[in-house]
Amino acid sequence: MAQGRPHVAVNDRALDPIGANSALDPVGGSGAPDGATALPVPAASTDVVEAIVVPNTLWTPVDPADYGPGTTGLNAEIEHLREVEASGVMSRDDARWSGALEIIPTKADYVLDLIRANSLWPLLSGLACCAIEMMSTATSRNDIDRWGMFPFRASPRQADVLIVAGTLTTKMAEPLLRLWEEIPEPKWCVAMGDCTCSGGRFKRSYSTVQGIDRIMPVDVYVPGCPPRPEGLIYGMMKLQKLVVDRRGHWPERKIGPTVPAGL
Amino acid sequence: MTTDARTPNPHAALDDPSVLIEDVVRESIVEAVPIGRTERQAEFYTLRDGEMLLNMGPQHPSTHGVLRVVLKIDGERVVDIDPVIGYLHRGVEKLCENADYHQAICYTDPLEYVSSLFCEWAPVMAFEKLLDVEVPRRAEYIRVLSTELNRVASHALTMGWFALDLGGLTPVLYSFIERDEIMEMLTALTGQKLLFNYMRIGGVNGDLNHEFMSRLGDWMSRAARHIESNQGLLNENEILVRRARGLGILDPETALRMAVTGPNLRASGVPFDVRRAHPYSVFPELDFDIPTRQEGDCLARYLLRIDEIKQSLRIIDRCLHQLPDGPVMARLPRLVRPRPGRAFAAVEGPRGMYAAYVISDGTDQPFRMRIHDPSFVHLQLVGLMTPGNLVADTMAIMASLDPVMGGVDK
Amino acid sequence: MDRALRTRLERRFGERLTGPVRQRHDETEIRITAADVTEVVRSLHDEPELDFRLLADLCGVDTGDRMQVVYHLWSATTVDWLRVVADGLDRESPRVPSATFLWKGAEWMEREAYDMFGIVFEGNRDLRRIYMPDDYASFPLRKDFHLADDSSRSPGLGVRPMEETLAPADATPATLLRRSGAERA
Amino acid sequence: MSVVGASWQRMSLTGRILAIAVPILVAVAVLGLLGVVLAGPIVAAFLGDNVPLVRFAAAVGGILVLTIPTAFIVIYMELKVIARMNLRIGPDRVGPFGTAMSVVHGLKFVGKEDFTPTGVDVQVFTMAPVVVFLATVMTMVVIPFAPGLFGLDLNIGVLYLFAISGLTVVGLLMGGWASFNKYSLLGGLRAAAQMVSYEIPLTLSVVGVVLLAGTMSLNQIVLGQSGSFVDWYIWKQPLAFLIFFIAGTAEANRSPFDFSEADQEIVAGFATEYSGMRFGFFFFAEYVNVFVMSALIVTFFVGGWTAPIAWPWPVDLSAVDPLGLGVGLLLLIAIGPVVGTIVCAVPFWLASRFSTLQALVLGFVVFNVLAILAVMGWAFISFDWVVGLAWFFAKTYAFIFVFVWMRGSFPRVRIDQLMGLAWKWLLPAALLNIFVTASAVLILNR
């Protein structure tokens, strides 16, 4: 248990700022025709690369065979890349055109994300022990209000972040899912504590969910039993970075492979 | 508690001890209770004219943790209330039965997460009874010292939450300052924050260290003054006193019938404190008082905790003066196999009598381990006191009873 | 160990005790049958020379071949904890009279015992699941309810299922109704 | 596939919205320009015919624009002051000392998903925030900010004030009822009961002031208190001031009377189901309401924009007429800055730690600061609306600080205690105040 040493696991692919890797990886791993894999992605001219819509790489399995033909996700991405290449947009003039078309929207997204990242209102909901540390994070000693993550909203309709603090039991899983679905987009989820990351010391029990990522998407994991307030603050700052780096592209959220029966 | 004709009297079963058990059984059976619903459910979930069910929780600002409370309200007045718990049931007892005696201590830690040391102490005392272990006196003193510190932190949080549920923003942050300081010094002592896994069978994990002692001395020099000033914000506040006085009165007879212990019982005038009523550890050697109050309302329960904080500071002071030298751990094998038997041990936690009942079958794992938590018992009082009051009073009553859901749901 | 309490208990409940009064450390234990619970507990609570006013704990125990309900009581007349063990409950349909007529606070403890062991407390007016969801089928604290990776601790038995449905035929209030109806008929 | 199509596919949602919106806006602007060019004289003639209408429209527009920064300032005050009272630091990451935090909080609502839950009454649900916001904003029209600086000088200003501010409760009730949520319903009903109860002492407490001033126009009421601070009505009407302050706190839903959004009881009250910008309207309306209440207290009792003490040695700058210089003015404008910059740069240059260029830059900066200070001082002395505005905002924000202070200090009173206070204490006290004031006016004026 990482006591006192805030160590936060963040999905690196979510932090990929311009989506170049995530645009290439599935293509490379999916045995697509060489034309697609040979797609030039210049790192310098960011206008073109920013323009590529990055699909959700957080929750999409890497194997495109999971999807039938015509579904969204990786296949659509591959089709889109083929179209782009066929349409010859990548020749210089058209690239300039598209860049001119998209320079404003991209920057608008950037500004919006800066605003969102600096006003992340958590939902006032604690499950167990970690809730005490979460409250302590908001109090005088380590004041999370400095980053604009205060007040804790009582109603999910006005919250941005769901900090799941504490052991999640199978009886509580359904209400928690309802809370998560009541939060309007854009929304983020922070798993605080070992119990929410993996089940922690109650993993063996008959009534606990072994990690909340079995029932809902998670953006930032903050291990520790419980994590110190500094750890939670570090995780929230990671979340800020993640919010800014996504540049207005939020992943289509899919939950992990194993969903307990009855949920 | 009102005896309004429309509100079902919660005492119905306990008012008359002379009722024959057969009659109770027969009426509870023969009465046409719908299949799958108990008598109580059938009574609660049938709405009269003008009544409305209001569901609070499992996520609600005023239910500390994941308590779900179904209120049957008539306008702003609460007619009946049905607490639904179990949203934090982690199967601690089963896990303890599948772990050996040392690992079980770690499972009992997160039960009452604002006063973890008591959750460790009771099982450890039960194990020591099973093993006939003699605990070194220095270890006992260190246990008393650390647990009393934990009691102060817990009571500080309780008072802050009480003010928060009455709508005050600032006091809870002031009490968190004291609580954080105590948590830091206990972290220095135990090496783990909030869930200190400190008690061991036959002693404690480590001896007092320098950082703990320096932090403790620094804090003791100003603790009483700080807590006094923090309470000055509330105790002289007309709004809070007017709201809390005469609210949720609990008379001693009912309290004993409801198996209430701890501050909630002492606020009703019954001076029952396990530290004196059934002495354990070195409490017979320490001099302190058992504060009681006669009113039995929310204000009394709130003020009593301030008195207990003062007594705890006294105990800490006495411990620091009487602290003997010597080892802090008894000699024990790594893998303990007590001979078959049963042991019951109880400590006086911040919320009441916190007990553990262990059955050993001679193996290295407890055959049955039962944790008795006071919050679990006290939460029943909400259904007893709330009817007849307003919705806003529900929060005041719940906060004054101070349940911790981790302990309630185990 | 309070010898005086032992003599008092033997004198009072001599014929009801199913075993000798056991004493160890600061605990005194008497064993009775489920049928005697009501009278024994009431006299323990009412009679002045016993005067056990405070119910310290109420829990169920599954010994593997039978069920027990254990009451821990406190009294100012003795220095011991008194442990009353209602022994010999049938594992298939464990039934015991409720103590709520005396201690209203025992209601939730009995609900917990019902939830964890399936012990039916006759006279508890709110006997339903308290921890597990209402549609939960089995009773976790029974000895034949095994956690997932217990096989690692007992290799001989192999991997055992986690949640066997062990509900006795008449464990729920609904079945309780039908059964009593059949008895009356 | 065409270029536009490919680019369209690659745009994000915001990009597509902007790509659609920008051309439309350009077209609208061009059309509007054409309309002005073609139909300009007619419109001008029409506007010239009914000036009051124009003034009203202009005032409402100006007030609407003014409310947003006001709300931002009050929100920042609340964040920072309460943080300090909690021994916290408060926002300090966004902008200098976190000054941009409230703006960020407000702008965030624009980007949030704004959805309508199942089962709500869509029209009412949508209109409620608008009603609340407008009812709060329209009250600012009659508030005199400074001499000559007010939206309208209605001779029934007080009546207009309470009539419009009474509409707020309608909006809250709409929101609470339409949300299809029990918490919202309770919150709306609580707000209705509370506001209806407190409208009465609020209105009656002002009657004394109206009797003293002999008018219902807020402008005249302020003028009646001009002079020094001894002429303020708070001294002649202390009881009325107390009643108005308490009732105003309840009217603005502020702690300790913040029932309709009591977090610990009914989750977020009438706003429980609102998200996105709809909640943003409620959010702004709450804080604009605080501003309005403070402004009313200042206007009625603390002398509005009048200075507490008359300026002891009046300066008459009317003799100074820049235009009198004629060509010399041009010369002054041309040469003044250069000379001033050099003059200010000399000391830095003499202090040999600076190079000539650095000295000139510093001198330029210093000269600009001095010039701005001089112009501001000139305006402060010669234009009375500047000083009036300064005094008005100083007093108003002092009272806003008191509101925030109370929120940081007090627990919440119970609903029945609230009602008892309104009907058993404030109402009789207000009636007594009216009786005493009326008789005094009768006796003294005879």
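Going in written order, the chains are labelled A, B, C and D, and every chain counts its residues from 1.
Note that contacts are C-beta pairs under 8 Å (C-beta built on N, C-alpha and C of every residue); 3 or more make two chains touch, one makes a residue touch a chain.
Owing to the predicted nature of the structure, the values given are computational and were not obtained by experimental measurement.
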{"item": "Pair joined by the larger number of C-beta contacts - B-C, B-D", "value": "B-C"}
{"item": "Chain whose Cα mean lies nearest the overall Cα mean", "value": "B"}
{"item": "Centre-of-Cα separation between subunit C and subunit B, whole angstrom", "value": "23"}
{"item": "Distance from subunit C to subunit A - Cα centre to Cα centre, in angstrom", "value": "50"}
{"item": "Centre distance in Å when subunit C and subunit D are each reduced to the mean of their C-alpha atoms", "value": "67"}
{"item": "Multi-chain contact residues (two or more partners), subunit D", "value": "86-88, 263, 267"}
{"item": "Junction residues of subunit B - those touching two or more other chains", "value": "60-61, 86, 89, 91, 94-95, 98, 173-174, 177"}
{"item": "Of all residues in subunit A, the ones touching two or more other chains", "value": "124, 139-140, 154, 171, 204-207"}
{"item": "Interchain contacts, given as pairs of chains that touch", "value": "A-B, A-C, A-D, B-C, B-D"}
{"item": "In the complex, subunit D residues that touch subunit B", "value": "82, 85-88, 182-183, 186, 255-256, 258, 262-267, 407-417"}
{"item": "Complex interface listing, subunit B residues touching subunit D", "value": "52, 54-55, 60-62, 76, 163-170, 173-174, 177, 233-234, 237, 239-240, 242-243, 390-393, 395"}
{"item": "Interfacial residue positions of subunit C with respect to subunit A in the complex", "value": "131-133, 140, 145, 147-149, 162-163"}
{"item": "Subunit A - residues contacting subunit D, complex", "value": "51-53, 80, 83-84, 86-87, 89, 94, 97-98, 101-102, 104-106, 108-109, 112, 115-116, 118-119, 124, 139-140, 143, 145-148, 153-155, 157-158, 160, 184-186, 247-249"}
{"item": "Complex contacts: residues of subunit C adjacent to subunit B", "value": "24-27, 29, 38, 42, 46, 53-57, 59, 61-62, 70, 72, 74, 76, 79, 81, 83, 97-98, 100-109, 112, 116, 122-133, 140-141, 145, 147, 150, 153, 172-174, 176-177, 180, 184"}
